[in-house]
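One chain, chain A, links the two complexes that follow: it is found with chain B in the first and with chain C in the second.
What follows is the complex of A and B.
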């Protein structure tokens, strides 16, 4: 028996903000899950299994939170599975959920990813001091800044590219009612003048810390066909891939990680994509710091090495461009870390379902969702389309 | 010589002091490695990991904690009619929202217990006591508590106990300082 078809038939997310003081961790997860169920026109009873993802447990200080979230996800007595792959976890969680349907094990799987960053300090949680090793970085930005600097040098990219990405994503975020940041007064100059946090990454080129959750309902071909017959378009999953590589191996290229390139090649092969630049209508990729847009454009094969920034500069990646990138406003507008990858995957699915509202790309039929995590070492991607694979 | 031994003693410094310092500044090499480590010399460096965790408790667990501050025990009524204490936010069977809050106890019945003959520093009492599951009156589930019964001979499954509230309460489970046998003096 070959792989079964699987589609996204329900999507839900919370309103993301710095502190969701009105809900518990369980209440936050549930809010996204209930919206996904409503979108799929299902109840808890319809769900066969749940797959939960989040970034490191010490971000909130609750070990294995999936155990106490079973009630909140209507999962008592049902299979409940936890995934953890650092920042890419939202993507890999959705992929694991999809595999449960592809393998013919379940027909309707709920998958949820979340982070409640207000309950701790992810910035310092990502700055673990190591005895007898000089403290080299403060937060993820400190870790990634040298990668960005290296990219700028290798690609001979002009300084303002990062600012252009930040401006585009923050303006896209204004069209997304769920986005954490809605900065109406943002401008090229306000970004340029913002504090330099980790040279060359400015404050306004940096993602926020958010509370939020995202949920998807994945259905078998039978379930998705029924939804389509009812006028609710499924997003068919045309390919999924995950790759990882060690953080500190000496030969590793952190600007163009091999794991990311292999992940992209695998998912394109599954989806029958031979020229991603032409065959893909829009991309939602994991860009927590502005410069990662041109870097990932190259890593994912949308541009040759050293050429990614030219797409950004030419406006190709704008919402009305030839290859829109981060239509939702991306991680730069919303970053509940564990959910951030799934939000990318969800946005890709919303685009091909035609349900992305004001940030909809006209006629989007095939979209890529991408997430990365750790020290640019965990990668997860999927290709979703309006058409069955 | 690299020795994977870390000194956690500073982790017991007053919280107020530690919070003033950025975690990354808390780390500092305290060992002079330029001399070379001789036989038997153990290198050490403090490794202090602390994050200021907070909890948003939500409408149901939050009500329970607020109740403790007011010397009231709160449970929630499940769809099958059972009263769950501490309250569950969602029905453990159907997963639906549980919104009916019910005041219970505060006195209750010991359903099972274990005697602690030699309490350690982190236990709630500095004298022998019983960890007990206590089902407050009107509740269908039991919750953990420390019963200050004096001697193991005074403990019995089915005995009635009542909470002794802390003088200063802050909406925390430790607002119940201890439980005492009801025969020892009712609502202390």
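What follows is the complex of A and C.
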């Protein structure tokens, strides 16, 4: 027996902001889950199982929060799973949930990912001293900045590309009512003049710290067909893939990791995509620092080596471009770390369902969601479409 | 935010909306064979790596080549000079950091090694550090040498000409391992399969 078909039939997310002091962690995940259930026209009783993801527990200092979240997520007496894959976890959590349906085990699976960064010390948690090693780590930015510098050198990219990405994504975020940052006054110059936090990465080219959650209801073919018959379009999952790779391998390419390219090739093969640039209508990719847009364009097969930044510069990745990237405003506007990957997957699904509101790409029928995590060592992707695979 | 209604007896008390509870983590670290050899080298002001089958030299050694999944049994001393392969100027002060900003954390490929280490660059203004710059280790005073890589206080420029063609690990063929060339994805074959010994066709491999 092959894989069963699976589709996204409900999508929910919280209003993301720096501090959601009005809700507890349980209230935060419940807000997203209730919206996804409402969208799917289901209740807790309809759900067979739940899959929860978040970034390392060290962030909030609450170990295994899925245990106390079980009742908030209506999971008492039902299967509940937790997924860990660092920053890519929102993506891989959705993939694990999809696999429960593909395997024919469950028909309706709720999947939720979250982070409450206001209760967290992510910079500290990402900079823990390693025994017998100089204490140089300075969060994710400190880790990724040298690799961004390598990309700029290798691709001979001009300095303003990072600024263009940040400007585009922040302007897209203005169209997304759930986005954390709504920077109406942002400009090329305000980004250029912002502090070099981790040279070559500026403050305004960096993601914010957000509280937020995202939830999806995944349904079997029967469930999705019933939704479609009721006028609620499902987003059919046409492929899912995950890859990992060793961080400390001698010939590892830290700029364009092999695992990322293999993940993309795998998911495209499943979806029947032979020319990603032509066959994909829009992409939500995990861009926590602006330079990762051109890097991932190359890593995911949308551009030749050294050419990714030229797509950005030419406006190809703008909302009205030939290959829109990060229509929602992306991680640069909203970063509840554990949820960030699932928000990418959710936006891709919203696009092919035609429910993305002001950031909808006209006629989007096939979209890619992408997440990465750790030291560019975990990758998760899915392809969703308006058409049944 | 929802209004919190307190009982009359404590009505004048400011409501508690959140609490901060700092946690501390003390842990014991078992160095293992490879790291012990490395740290014993440091005590003698020598930098000891290990060579994997095929010749790649890991510093600090972890005892195994993560790609091959095989032990790295041969100890190799590498140079205390190397080349900056990339770097970051950190201008951000954050909770828990002990560093004075700005500081330069650099990836340094020591001569004879195949993996860059991360260390501090000093004795040069941050805005003059460059990829290709040749640097050397500056050790603590002998009395202060301990079994930690922090016994190298920092690296400083040697004054040699830059190595403008510095080999950046993973950047083989100028495109990188994770590039699509001519619209074609790399394949699993570019990394060696430890079960079959097949693959590993890129620069730096021994295929």
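Assume the second predicted complex is superposed on the first by the 389 of 389 C-alpha atoms of A that agree within 3 Å, B and C clash if a C-alpha of one lies under 4 Å from a C-alpha of the other, contacts with A are read in each partner's own complex, and residues count from 1 in each chain.
As a convention for this text, contacts are C-beta pairs under 8 Å (C-beta built on N, C-alpha and C of every residue); 3 or more make two chains touch, one makes a residue touch a chain.
Quick caveat, the model's predicted, so the values are computed rather than measured.
Trainee: Which chain, chain B or chain C, ends up touching more residues of chain A in the combined arrangement?
Mentor: Between chain B and chain C, C touches the greater number of residues in chain A.
Trainee: Thinking of the overlay built on chain A, is A:76 touched by chain B (first), by chain C (second), by both, or by neither?
Mentor: Touch status of A:76: first partner only.
Trainee: According to the stated criteria, A:84 is in contact with first (chain B), second (chain C), both, or neither; which is it?
Mentor: Once the two structures are laid over each other on A, A:84 reaches no partner at all.
Trainee: Under the stated touch criterion, which partner chain does A:299 make contact with: chain B (first), chain C (second), both, or neither?
Mentor: After superposition on chain A, A:299 lies in contact with chain C alone.
Trainee: Touching A:61, do we find chain B (first), chain C (second), both, or neither?
Mentor: both
Trainee: State whether A:26 touches chain B only (first), chain C only (second), both chains, or neither.
Mentor: In the superposed model, A:26 contacts chain B only, not chain C.
Trainee: Name the contact category of A:44: first (chain B only), second (chain C only), both, or neither.
Mentor: First partner only.
Trainee: Figure out whether A:264 sits in contact with chain B (first) or chain C (second), or with both, or with neither.
Mentor: Second partner only, chain C.
Trainee: Does chain B (first) or chain C (second) touch A:119, or do both, or does neither?
Mentor: So A:119 meets both chain B and chain C here.
Trainee: Across the two complexes, what residues of chain A are contacted by chain B and by chain C?
Mentor: On chain A, the overlap between the chain B and chain C contacts is residues 21-22, 61, 119, 121, 124, 127, 131-132, 135, 138.
Trainee: Would you mind writing out the residues of chain A in touch with chain B in their complex?
Mentor: Per the touch definition, chain A meets chain B at residues 19-27, 30, 44, 58, 60-61, 71-76, 116, 118-121, 124-125, 127-129, 131-132, 135, 138.
Trainee: Taking the complex as given, what residues does chain A use to touch chain C?
Mentor: 21-22, 61, 119, 121, 123-124, 127, 131-139, 141-142, 145-147, 149-150, 153-154, 195-201, 246-262, 264-265, 275, 298-299, 301, 303-306
Trainee: Report the residues of chain C in contact with chain A in the complex, numbered from low to high.
Mentor: My answer: residues 1-2, 17-18, 21, 23, 29, 31, 35, 39, 52, 56-58, 62, 65-67, 85-92, 94-99, 103, 105-107, 114-115, 118-120, 126, 131, 147-150, 152, 168-172, 174-183, 185-188, 190-191, 202-205.
Trainee: If you look only at chain B, which of its residues touch chain A in the complex?
Mentor: Those in contact with chain A are residues 2, 4, 6, 22-24, 26-27, 29, 31, 33, 43, 45, 47-49, 51-62, 88-96.
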